[in-house]
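Below: the structure, in structure tokens.
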Amino acid sequence: MPGDPVLSVKELKTYFFTRKGVVKAVDGVSFDLHKKEALGIVGESGSGKSVTCFSIMRLVPDPPGRIVSGEVLFKGRDLLKLTSAEMRKVRGSGISMSFQDPMTYLNPVMRVGDQIAEAILLHNDVDKQKAFGMAVRAMKFTEINNPEKRAFDYPHQLSGGMRQRILISMALACEPDVLIADEPTTALDVIVQHEILNLLRDIRNEISTGMIIVSHDLGVVAEVCERVAVMYAGNIVEIAATKELFENPLHPYTMGLMESIPRADRGKRRLLTIPGAVPDLTNPPSGCKFHPRCPYAVAECKTQLPPLEKVDGGRYVRCMKYAEILKMRRS
Amino acid sequence: MIRYIIKRILIAIPLVLAIVCINFVIIHSAPGDPVAFMISGVENATPEFMAMKRAELGLDKPMYIQLLIYLDTILHGDLGYSFIYHQPVADIILQRLQATLLLTVTSFVITVAVGIFAGVSAAKRPYSRTDAFFTIGALGIYSMPDFWVGLIAIIVFSVHLHLTPIFGIVDPGLTGWDYWTNLLWHLALPATTLGLGRLALYSRLSRASMLEVMRQDYITTAWAKGCDERAVFYKHGLRNAMLPLVTVLGFQTSFLFAGAVLTETVFAWPGIGRLLYQSIFFRDYLMIQSLFLVFSILTIAGNLLADIAYAFLDPRIRYK
Amino acid sequence: MASDNLRIESGVQKAKRSLKVQAKSFAEFWRRYRKNRAAVLGLSMVVAFGSMAILAPIISPHNPFEMHLQDFTRIFLPPDNLHLMGTDQYGRDVFSRIIWGARVSLMVGLVAAAISAAVGMTLGAISGYYGGRVDNAIMRFVDMFLTIPTFFLILTIVAIFGGSLTNVMLVIGLTIWPSTARLMRAEFLSFREKEFVQAARSIGAGDRHIMFREIAPNAIFPAIVNASLQVGSAILTESALSFLGLGDPNNVSWGFMLNDALSSFLRAWWMALFPGLMITLVVISFNLIGDGMNDALNPYLKER
């Protein structure tokens, strides 16, 4: 994974201007993604993870949302500065996205093969037949059985798992450099989830596309990603290699998350919840947004938002006290 | 899908039968001699004819037998005889049916085309000032009585502006190209006023349908693929928005024919609508009933066509 | 028995509470309705037309039935100071006829809508609440009604049985109820499973109590909106019938005035313009009220 990042997000801020106030959905998010890397973004609903992805794709609905500041560098160009026409060329072929609910995200009156072929036709100079053939190949790549026949089906004729594969193949059809998968398993039942996760792992191994997997489910992200970013209230609070994050979380929020999920490697324990509630994003807490719920908070935490500090190679934390906390826990 | 169509046809048939029965019930519960309802222009009929009819209809037999006789007569296409026009009723109706179909089909096409166009354009810029203006305008037009619009239109366009002829379908004595252009000239105003109220309704519906569809998730997918505005709006948006609109079309057919009666009366258009008006005027009960039957069948046929069209458009019905 | 006392007391308490809740929610509803300018306009228009209808004998400048046949100086007069809207082919003052015509239109509209509401709401409630076979049967009936072209049915019946006002009101009312029934049924179906209904049932409330006291106050609103819109369409239907000559010639009806206009409108445009204009305005006002009520009941739909 060495080399320059294929995608580099710097201090991205996306706000929603509503009648009830300004919702700071994404309030200064930065991360890098490299080729062949799978980065997971986890967080509760409202943490800003989906909005981050939509911002990268510039699909944030313009009223009421707007990307207020920041940079999204993709292969050297800042996507936020492109014209609509230029951005259209990037969408679907440079960076593409697959979505959460495969039933509602597929056009019910178009054959699935045609929907995939449409993506191909938009970005490649080929004729319809060739595009359809390429679509079938994309379906084969996502391990759909009998793709030549399935391509003529309509979404309602397919199962949930197959529909999600269709969405993924639509996203991969033009061999993008970055694939963003938004909650790829949330709308599926457990057995199918497992299959999709396997698929994502296979994809990660076979092609050089960088992947961002967004989920509220830590387990999903643990299965596929090498690095994980944890988001809270519009900021990334910790980025670490997956193993490190699970074994040795540094941010109090991450620690809380780890205590709250059942884990096979920790034996039987009580599951703890993080006290308090997710903050109102129109009026977030001052300073560190987690401070009202943090068991280690001190006076400083209320006054300034801690920066995302580098801990060591590839590891970042947004907490002023992480070193002390670590010492406290070790003793 | 074939099963769907057959099912629809099978529903339509008992409906037609039900209407024939309703007709029968009306004839026999109305005040007066039932035979008078079976003959047009009863005053001109000879007593022998009346006696013959009486025997034919079995008016002395029990009710259910009379009903069966009546059903049988209707199913053979015998709608009775008119002493006013001195022709079988079925013939009279058939002669005038063309004019009505010409008027209604033209009006239908105008309503659908303009309605969808207006609705889609409004959906492009929702909640804007022009949008609000058109919504109010649509409400106003939709509240107007169909026939009144026709009257006013004639006053404005024909009398004052001399743009269109006042009455009738075509001037006599024309042939070939002249005939057709003259026909179209006569058709313009009635066809436009016939649909006006429903056009307003339809444009509001198509706007609502478009707005609903554009909020759907698969539109986001289309944008994410890199589609441009045209593709998103038409290929993904309109194609889906059409479905509920087609369903409404079926429902509209009854209003279409009701409006035809009123419009033909205003414009003296020689169709079965005008015939109905004249029958009311002459108290020609037989004709009124027969037209009730014919209009009902036309409406049911229209509904059926709309259902079939829907089946073609929605793959969820086409494939199981 | 003690349990009966408990039931009765809860019933009374519940009635009191539900009335209070209803009063509060009505005040809420009225507040929201008042904010909508178009809806308020509609309501004022209806009040204006209603007053016009009631006060007709007092405010009408001429006798609407007074004819001056053969008097060429008084027939087909264009609007002027004496006859604000001109006179018709019999020399009758159009303006007075317009004022009196409001009576017929409003009465037919309101009564027909009321009949439709009564029949539709009852059948819809029963259908939605009991479900199963009863529901199927009623819905089949409704579907049949919906596919029969109602205008022609009304026309035929009125043509044959006579066009008296009572007939017209009854026939219209008895043919437009299906849409109300459908709405009511949908509401009852959804409310049937809600918690407060289950709660009422668990303390022993009977079916009728649940239907009338628990569900109906909530379910009734869409049906009322629908009823308002039906007044408008009933008025249009009545005017269409009168236009075709099926109305009551003894009463002054706007539709009938347009029938008179049919033979003379080419030289007396005022005979055509004013009656139709009045019909349009009345229908618009009921539509505005209906839309206004709809918006007031669903405030969340408007705020995106």
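Letters are used for the chains, namely A, B and C, taken in the order the chains are written, and counting of residues starts over at 1 for each.
Please note the rule applied: a residue touches a chain if its C-beta (ideal position, glycine included) is under 8 Å from a C-beta of that chain, and two chains touch if they have at least 3 such contacts.
On a predicted model such as this, the values are computed, not experimentally measured, just so you know.
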Ignoring chain B, split the rest of the assembly into groups that are still joined by touch.
-> A | C
Select, from B-C and A-B, the pair of chains that is joined by more C-beta pairs in contact.
-> B-C
Measure off the straight-line distance from the CA centroid of chain A to the CA centroid of chain B, and report it in whole Å.
-> 55
How many Å are there between the centre of chain B and the centre of chain C, using C-alpha atoms for each centre?
-> 25
Which part of chain C faces chain B closely enough to touch in the complex?
-> 144, 147-153, 155-157, 159-161, 232, 236, 239-240, 243-246, 255, 258, 261-262, 265-266, 269, 272-273, 275-276, 279-281, 283-284, 287-288, 291
In their shared complex, chain B is touched by residues of chain A numbered 57, 59, 88-93, 96-97, 99, 101, 104-111, 118-119, 122-123, 153-154, 156-157, 167, 170-171
Flag every residue of chain B that touches chain A in the complex, lowest number first.
-> 216-218, 220-228, 231, 236, 239-240, 243, 313-316, 319-320
Taking the complex as given, what residues does chain B use to touch chain C?
-> 15, 18-19, 22-23, 26, 30-31, 37, 139-140, 142-149, 151-152, 154-155, 159, 166, 254-255, 257-258, 261-262, 265-266, 276-277, 280-281, 285, 288-289, 291-292, 295-296, 299-300, 303
